[in-house]
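Read through the structures below before going on.
Next come two complexes built around chain A: one with chain B, the other with chain C.
Moving on, here comes the complex of A and B:
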């Protein structure tokens, strides 16, 4: 399989570069210990805050189904999760940076750079994700449970522990673990808001070892550490199951216990606060957009980066979906034939790139190919290949259920009807069209937001929009960064709108 | 979907074909971003040099001086540049280790004797003294020594010594003032550091937006505000321990396909014409004798230099960085 080759190559690169091995001395360096501790600390805190806060908010949305803009709220939650982090960082800097809009209210000790900023950004991205996951899970509570609860006259706390918690428990751990891994592997947020060496994670330290120091030995040690930790966590998580956070709300007829008006007010307040929290950093882009310098060179830069981003995104998403479909073929075959073990192995192989963080794979390939070819001119090809690998598991996860369902409903029938391959494909296409479109939208959003891979393989001549935003924000051109961010935000909102619509029609 | 593929290919091809004037030789120069910015020396140097060389001068910008060296190490013999511009004298021996640096054919008769320059590969093009800049309308009594700054609680921004020659300058400075307690000094500094930026430009821009009380820059930085903005509030703090000097240098690469043109450019850098441009665009001091300077330069502090053994410093650079990165973690 192609993807496995890429992974193997990058690991080969990680094992040996011109015979120069990993720098094991680093393992006893206090610098290494402090970044390791910081990486874990920030990821744990981010995951804890996100999940604990998400719980009451998910309950509020669940118990108060007639909330204003609820559908928009859930879409916004998805947007927060897939939004390129740099858009968000720009928003935060113009809100809470040194000369930010809210900064004067926060007292003289406030500093966005460091743990504060990192946590804020991580919670912003992952809290909505957790809300969606919990909300979807709560909707799985059967109406009969609530009827039983009202017959038994259970108190509020009893309801939480006897009805909600059993449904949520598995999901709670899973969501926590998933957010932990995402934050542990977080790159752009820490690079932009870490404030130099004060708050560095392993992922950023790999990048710095390679690009700041050109210290390959250290980069290797760091990459292996990152891989071991993220990999272990992922395997633990993978054994438990997958999070169904994108599931559409199918059951419109669920019956809810009545809420008192006091509860309704509380739920409403909680909901509004969350909505404000989610909207403010995005709205904070507006002053910059109005104040931006609309000179020809800046508009040109943005448009050029936008078209490159779109092209990269379209290529990555198309190839990833085609590959996902191709990979699903043997898996579907083995399921139809009832070979469980083979199915498991194939699925694991298909998803294996989730374990290795983008940065680790990029560094491996970079080190391997550096002495062999002119990476400056073909770097874009690597950006495309690696991004495809990164989004592939998501693509598979998205189309998998639909294709398997098709098989279980129609495979036998279409076999007995002796349809031609062409006819079969056309039926399959009609059956799963909407899923393919929504997957395309999701995958293109994930691919276009990449910064980590681009930071290693990208070039100065061709910049993606997220990288351009990073450079604008880096040189403190907040207005220009806001403008570029707003363009990207608009693009994502459009894609997301179509994704949600495709899901509703599914 | 099918229509998209040819479209994608078309965009990729057209965007990768960077439009270039093929009729003239192109001399490519790796430098740092503030050098090529609209207000930096880049555009003026380019215009003046292109007039006499009938070539195209192309700058490729990195974030700061050390990034240029890192890029060189990463690219090795595949480096695109003919000339590198923006390393400083402390990086010379490390740069030479790449084996990519060509010897120059320049005559240094016109250089200021105080520079005492005799390197066979690198050409100095300007120099300055590192200093912390503050806004005098916000700070009435500035700190008067590095020790006072380290022990204060004033917020500061400085640059990463792994990427920026300015940050590297602070590293030498701290090591000179605290030869035995370097780690403790970094820790104390970290407790009131807002952020450590990758390059000088990033940090200085942030300071100008009110990002901190002090920012690491040069004694000559206030001249920029005086001359281009008639703004006198930005001042350099004069430190009693003395200031570290920085000599910025350029060199040709031996992989260059236009070695003669590269030498011409190095010669141009120490010509009267270029030396008049640099002080009022790169805001550093000229390296040759008798360059008339704007009156604003007389208002600057005249720091007492700290004498340093550059060879020894460059040898210790890696060890110093290790101490810094372990100590600057909060």
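Moving on, here comes the complex of A and C:
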């Protein structure tokens, strides 16, 4: 109810701000068309490059399981996906920006800002996600399939088309669609690396219309366009299953076809290049960290922003997990009772906030409350509420499988033993606590990395660490941005380490 | 007295009908070919399957409309009787009222599973798991016990020991026991009534 109310209020803001409607003339403006085309183009290209490249890399990891640091590689892949975009952008700027470490090698025409930079950052974040998704899927190939393939003496291509592709096919489309939506809704990357009006997406244009031009009519038109496109794609995607990319590593007794020495060399090379690609922007932070100004004010700013980020993250993650559990109760009940339609409605309500991008919801609430309250003084409350809404579907998705598995294995036994509520909760907690811990770590990372919501409701007095990084980078203090990024990176790496550990015990 | 009156269960396209009275403290064995509805009858008495029509009376009171938790029934399923993520002893304690660890230990000794109590269920063999389930079901306070193929995974010697213990416990505590079995020796050893479906 609470979550639906926030969405409804936001939509009310989008529909009925003081009678001033959306600026429909904008729809026939060439500025709008160029933004729309660029938004779709960059999202399509990012999704295509990420998924096409991920397949051979996932195969390399799968067919050559003894690769050095493979587990660390998969953890790093997860880190790249959840890493706050501004950390990554700082790394890319240090590496490939105007005075970047390897910029002199790229010739005088090189420019990080624009489509190049956006694609690079999007592929950096999403390629590892796709690798993990495909690798997890390949691991589902039963040993018996490989035994049969060996016995039938299938060729390499036959194995790909008869065994690999059928397993990957559904996941391939899904991963492509998911990355498309993520990139279409991408904010911080385009804001920082867009480099001008010719490389602007709807999301950034909304922010600029609202915060710089204060053109509410334009912001409304852009927000509705964003919602329509992202929402349609999401609904299409939601009809399929979810992408399994955080699932437990199901290594074990699968019997893989033998790889030749050449294949092993090829797999090893592909793996090493990907590892270097993932590590370089992070290592590029180091020179900036060493050269940063360690004055009391800079350290104070970073620590202050870090504390705020942590507090925000902990509040959002705790509330989101509690809400996710509460939301799952009626869903589980209706599944146990075999009420399919009710289950679908409840699940849709639980995940509905995925349809509306953070920026769209933020704009709705901002416009609604702007004439009513002083948003500068209570903006942080909105930051918390909207962040909870944004991470809630992820929290639900993470705990859902484990709770439903529990019900499927033990609901009848639990009922038969006539356990008290306390006993039920205690047994359920023992069963699912590792998933709750890993979900907490994931959700806190997602909440702490937010920039879009903060850009609308945040204030200059209270800054989160990602926003501070953005401000340092925006005022060309790249060394300080590197230092702040390194602090955030360290925090994420620690959380990720705990997440992976919890997952191993799940 | 347990009275099963004109009970009709619909399973897919199959319609199953039951009508029978079972005196208190009786031990009834249920026999019949696979698929005839032995387990379904137990699940209906326990409340997991809703009957299409008819009633189930326990001491004259209709229990067929009651929730699982409100029925005077303790049931042992064919499988999945243990939570895999808690210890065997913790599993046994669930559903028990006023039973000390000493009593659990002593019963476990009789069933030859006293050394298994502090292990996790995954460390037990199929027969040991089954005896843990039997131990808990027989120690539960409910007066009506339903056991679905309780001795299926036991070797001949363990089967005899376990069957004796089940019969002793049921008789000394005045429990009414209905158990599904395919073995004639279980019928001869335990049953006061045999019900052939």
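Assorted remarks:
Keep in mind that, in the parts below, the second predicted complex is superposed on the first by the 505 of 506 C-alpha atoms of A that agree within 3 Å, B and C clash if a C-alpha of one lies under 4 Å from a C-alpha of the other, contacts with A are read in each partner's own complex, and residues count from 1 in each chain.
The criterion applied here is as follows: a residue touches a chain if its C-beta (ideal position, glycine included) is under 8 Å from a C-beta of that chain, and two chains touch if they have at least 3 such contacts.
Please read all numbers here as calculations on a predicted model, not as lab measurements.
When both complexes are superposed on chain A, chain B and chain C sit side by side without a clash.
Set side by side, chain B and chain C differ in how many residues of chain A they touch, and the one touching more is B.
By the document's definition of touching, of the two partners only chain C reaches A:417; chain B does not.
Residue contacts after overlaying the shared chain place A:497 against neither chain B nor chain C. By the document's definition of touching, neither partner reaches A:110: not chain B, not chain C. With the two structures brought together on chain A, the opening angle seen from the C-alpha centre of chain A toward chain B and chain C is 150°, to the nearest 10. When the two complexes are overlaid on their common chain A, residue A:213 makes contact with chain B while staying clear of chain C. Judged by the touch definition given at the top, the superposed model places A:427 against chain C, while chain B stays out of reach. Within the superposed three-chain model, A:277 lies out of touch with both chain B and chain C [touch as defined at top]. In the superposed model, A:63 makes contact with neither chain B nor chain C.
In the composite built from the two structures, the nearest CA pair linking chain B and chain C is 23 Å apart.
When both complexes are aligned on chain A by C-alpha atoms, no chain A residue touches chain B in the first and chain C in the second. Touching chain A in their complex are the following residues of chain B: 1, 4-5, 8, 11-12, 15-16, 18, 33, 60-61, 66-67, 70, 73-76, 78, 80, 160, 162-163, 190, 193-198, 201-202, 205-206, 209-212, 321-322, 324-326, 328-330. Listing the residues of chain A that touch chain C in their complex gives 409-410, 412-413, 415-419, 423, 427, 430-431.
Those residues of chain C lying in contact with chain A across their complex are 46, 48, 68-69, 74-75, 77, 80-86, 94-95.
For chain A in complex with chain B, the residues that touch the partner chain are 29-31, 34-35, 38, 97-99, 111, 113-114, 195-200, 208, 211-214, 304, 307-308, 311, 314-315, 318, 370-371, 374, 376, 380, 460-462, 474-477.
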